[in-house]
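For reference, chains read A, B, C and D in written order, and residue numbers begin at 1 within each chain.
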């Protein structure tokens, strides 16, 4: 089918390594920033890499069946796919063949993978975690959709590469007032997608001890950590591409990603946790109203 | 065998009715078989008449005593009359056999005589060409109907018959006044001549005369406010008689009303009478359907359903368009078959299980599968499910109704038939899927009759072309007054 | 060629009658299967000819001229019904108990095929009624109340259509689609049909098709009817019969599109009447999906989900642009396929376990592996995971909705697909995973015919997911214009592209990489379900560790304001009022004493007198 | 011990020769504490997470799931009831796992030396890597303990889990001696009564 042109293969491999590494660094930044805000020294930036290595190095691993193993593998695979369809800096990768809706859906598929694995472990805590994860996802779906629709309507095209090109010509999306509202909505939703503080009901540490990931240990947990890292990188890149005009080179993209990340970290380190129906009610009140206004302005 | 032998359809039942006491004298048990024989002969003659009219495509005119109309009374057996006389004969023959099983109350010879007179009256009303003769046959039908309603000698039957008698009496008396007015104005009793002269009689007299005529027949034809007697009469009468009531007695009244209505087209307020009839017809359908919704007795429920279907026929006939009349006649034929089947089935269950309340019908599917199947086909067809016969006539009526501008009427009727669907399908669920019981033996002959009617329904349902062509010819016979007048050999006497 | 159409339409009915007559276990299954297979064979044979020209057949029945025509468009709908029909037949081989079910299942199959193929209103109405009646009889056998609710609503719809047909007949004097379309088109200038009348016609036809498609206010019959009928028949009931309603909406566009446009103009750039349909579709999607999430019974969940998915199709047609139609048509196929598969999976579960409530099931993944795999494919397809057919059609609908500047409707799709994801995962958790209740230990895999049926429905899910071009290329031919570009594996619309094959390859690549990382770690040891962390408490066999009841309690609490109102209770109250009114009417009018009867006569005489004189 | 635990012993050990120092360094620098605080020491552990001591500098993170945890802190006297939970949680943890006991009570019964309800010598039931003396040691002492366990991991001497795996029979004998044969089933059944 596709002629195996080595340029893309190399680009893909390089991108994957870079993304995973930077994903871990972002998680490190996250923990470090949280610590610094609490006037603590905080772990070194490469701490998540150490954690993953330790988990991979576990001497034995436990499994509740085929689907329990398939869950994390499917999650990581889907996240890698999502990553490869986002136009990162000047690397085209596969983004010429996919548009906003495809990437938005690919970013949601890992949720199914994690849910599959967590459910098959048969642990009630993970079941409650799954339920909360799904409800958060359902709650955030409407504002998330409205924000994306606002962008597409303003730029008139679904292709990410085209949106980036238009932004470089007409200036970033957030300069447009309507898309600024969409930016705010997307930022709130971004908080829930990463599972950070106000909406980290999914893995509420005190209540249901790590939520869905409760039964995961050893290499399964390592897989989930790498998936979280790649997802972090992919989502921040997606955010940057949509609202901050993508980037011509990796450094510029990195700066934008870290900027977005810091917004999320600052919000996360301040807010207490919403209960799940409060979260649902909140999502369907303010973000949806702002989203509707943004959408109506851009029509 | 020229046309004159057609008079036998009137003569045969009359003569054999008065022969019944003689037969009773010979042997009590011979009465019922004799009745069967007479009705069989009647079917033969009606079949021959039907064949004669439909092959030669010309109506048979029978002049009483050789006197040419308008002096003498003539029988006008056109396409409609031939078709319906055959239907009356066939159904009477079936009911004669059913009476052998169903009617056990003692004076059987009186029953046989009344049975024949009822058949005679209905045949006469349809076949006659003279309005006074119409009144005479209507009286015969009415009186025999009162007697037969009370035949079961129960308190309920007596009360029903008394109600029927009072209302029927008022109705027919006003009908007589109407005839007198028309006769006074036109000077003739012959329908054809009335049609010619209707144009130039004094408008108010014509109005009042027509209104009274229609009012008189409306009581017989069960239109809305006047049909209060019908449910009780249907329920109280013996089972075969209820079948005859719903199958052709009511229809004879309807035909007469339609015939007179279209004869007097030239009357100035004709359209306002039509609109009144449409309103009354629609109300009949709606009220009857709603009343049937919470019935505990199946026979009374089917009576209400029969009244509502008759209301639908009246609606079609009163539309005043050729398509409407054709649809009305087609629905008359279908309704006759379906209601005959339904009342036959319910009657047979009434005899076998001793009652026709809803509880008796529970698990009928296991106890009497053949009757249950017949009742199911009957009720499905009555509801208007496709591949059964009433579907076609209902569609025709709806199309004609809206074309004639009565969209609200059609909407109300459709709404009412939704209600009809509900209580029929509740009955079907109760028959097949509720309760149970061991299998009872069912009579072979009645089963054959039921299967014949079911086959008839399915044939018309699957391939309605032939039935529809019959209905069109019969409808034209009523609607096309000029052809009717030209067929009758008037002597050219009078104003 | 001529009588091909007759065989195509009436073969199932004849087979049904034969199966009902020879009510012997072996024979009726074979006859039924043959009856369901004939349409597939004929449709396959006529595929080539349909692309170039149409096959016609007319017969006159009862004075009406019934015209049947097979064009590219209704070949598509007939093919969808045929695929689901074959799967249903296979399913019913193992789940049907008597000839009764075969008769009415195949009669409704004839009804649907007839509806898709007929080109005149009488044939359309006749087969529509037949289809409704047959599906009603399938439900009547198991539950009277639900079936009556279903029948009353569909009959109201059918009679609304009858009224509409009669009005059209009165206005245009014709019954077949071609002349009506021509007459309505010319009527733009003459204006014989006023604005009010065309509004009435639109409402009548919308109710008729809305009831069958389960649009929002008229969807109450769906949960009851879908869950009470024989489950493998429901795959056809919800897979193909709801498509008749959607086909009707398409018909509405073809026949009265121009007229309605002329009468009602546009609203913000969309056709007003199309905008109404789009919003009905959107509300159906949201409401049905919310209700589906909160259900406790597996059949009710899929019933509401089916109503929601048909809402997508309505929405796609409501968008009004050609891309909207393409998306809607593709979703017709993908909905029929994955919803049919879901219902066959439910049939297998209920057949083997006899349970229908979520709280009694659990841990069936090991016991019924093949059914679980099929269920997983259906889950992926319904929730719109990229390599599946569900995603391709939903993607087209997104493109159409957003391109046509209908943002809030597109927002409804987002919310709907999120909810779809939630209730589908709920189904996975409650039925397949977690600890197995002790009474389900001896559950065996579903019988072979059912499995083949599932396989038949699973293949298109994957095939049209990876290669959506096959379907869109056919749709382009059906519409005659190039709506969705791209080859077999790539969909290209003016504003976006979706390369299904590439996404699949990259997904497989990603899975391979993740698999490598997985294999690198230590070997895994399988442990039983009871070896889970319960804050250190020892866990033993008969302590059930799963949450199957009230899985989405918080969502119910968040929505309690909306859940107070239910259309179902509203309709039940109306039915109650109507029945009481009927009773009071009977008591007041037929009150049994003669005096009042004679008063009625007097009143009528009075009216006659007034009427006569005035 | 019910038969469920027999397969616990049969897994085979994979020694990664090449990366061993890297993994050892990773295990040292990222210890996850199983948040299972028994006895009076539980309150001593949070100050370590505050700004003054901040054990997160060393990559230590309190983690509620035993499957992912490595370091098991026994922070105070251990009663038989808690010991049952401790044993179950310990067995759920995955392999290179270390136990650190705080205070004198788990070492030799401490203040409760003559109490009927306290486990006098914790080491008899579960292998201990590092013990921190003091009747609830101050945070500095605990930090020192952590440094000690990290040094032991670095040098490979922190082999509590290997000792548990090798002479599992001895440990099991002691446990059964204290709780009686098949105590997991009995405990589960007793627990069932409330549901």
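The definition used in the following text is that a contact is a pair of C-beta atoms (placed from the backbone, for glycine too) under 8 Å apart; a residue touches a chain by one contact, two chains touch by 3 or more.
This structure is a prediction, so every number in the text was calculated from the model and none was measured.
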item	value
Pair exhibiting more inter-chain C-beta contacts, A-C or A-D	A-C
Averaged-CA centre spacing for the pair chain B and chain A, given as whole angstrom	79
Chain centre separation in whole Å, for chain D relative to chain A (CA means)	35
Chain B and chain D, separation of their C-alpha mean positions in angstrom	98
Residue numbers of chain C (touch at least two other chains)	522-523, 525, 531, 533
Residues of chain A engaged with two or more neighbouring chains	58-62, 209, 214-215, 218
Chain-level touch network, classified as line, ring, star, complete or other	other
Of chain D, residues touching chain C in the complex	4, 7, 11-12, 14, 36, 65-67, 84-86, 88-89, 92, 184-185, 187-189, 191-192, 195
In the complex, chain C residues that touch chain B	60-63, 122, 125-127, 129-130, 133, 136, 140-141, 144, 147-148, 151-152, 155-156, 159-160, 162-163, 165-167, 169-170, 578-579, 581-583, 585-586, 589-590, 592, 594, 596-598, 600-601, 603-605, 607-609, 611-613
Interfacial residue positions of chain A with respect to chain C in the complex	1-2, 16, 56, 58-65, 67, 69, 72-81, 84-85, 94, 96-102, 105-106, 108-109, 111-112, 115-116, 119-125, 127-128, 130-132, 134-135, 137-138, 140-142, 144-146, 148-150, 152-153, 156-159, 209, 214-215, 218-220, 222-223, 226-227, 275-277, 280-281, 284, 291-292, 295-296, 298-299
For the chain D and chain A complex, residues of the former touching the latter	11, 13-14, 16, 19, 22-23, 25-27, 29-30, 32, 35, 50-51, 54, 56-59, 61, 63-68, 70, 93-96
Chain D-touching residues of chain C, taken from the complex the two chains share	522-523, 525, 528, 530-531, 533, 535-540, 542-543
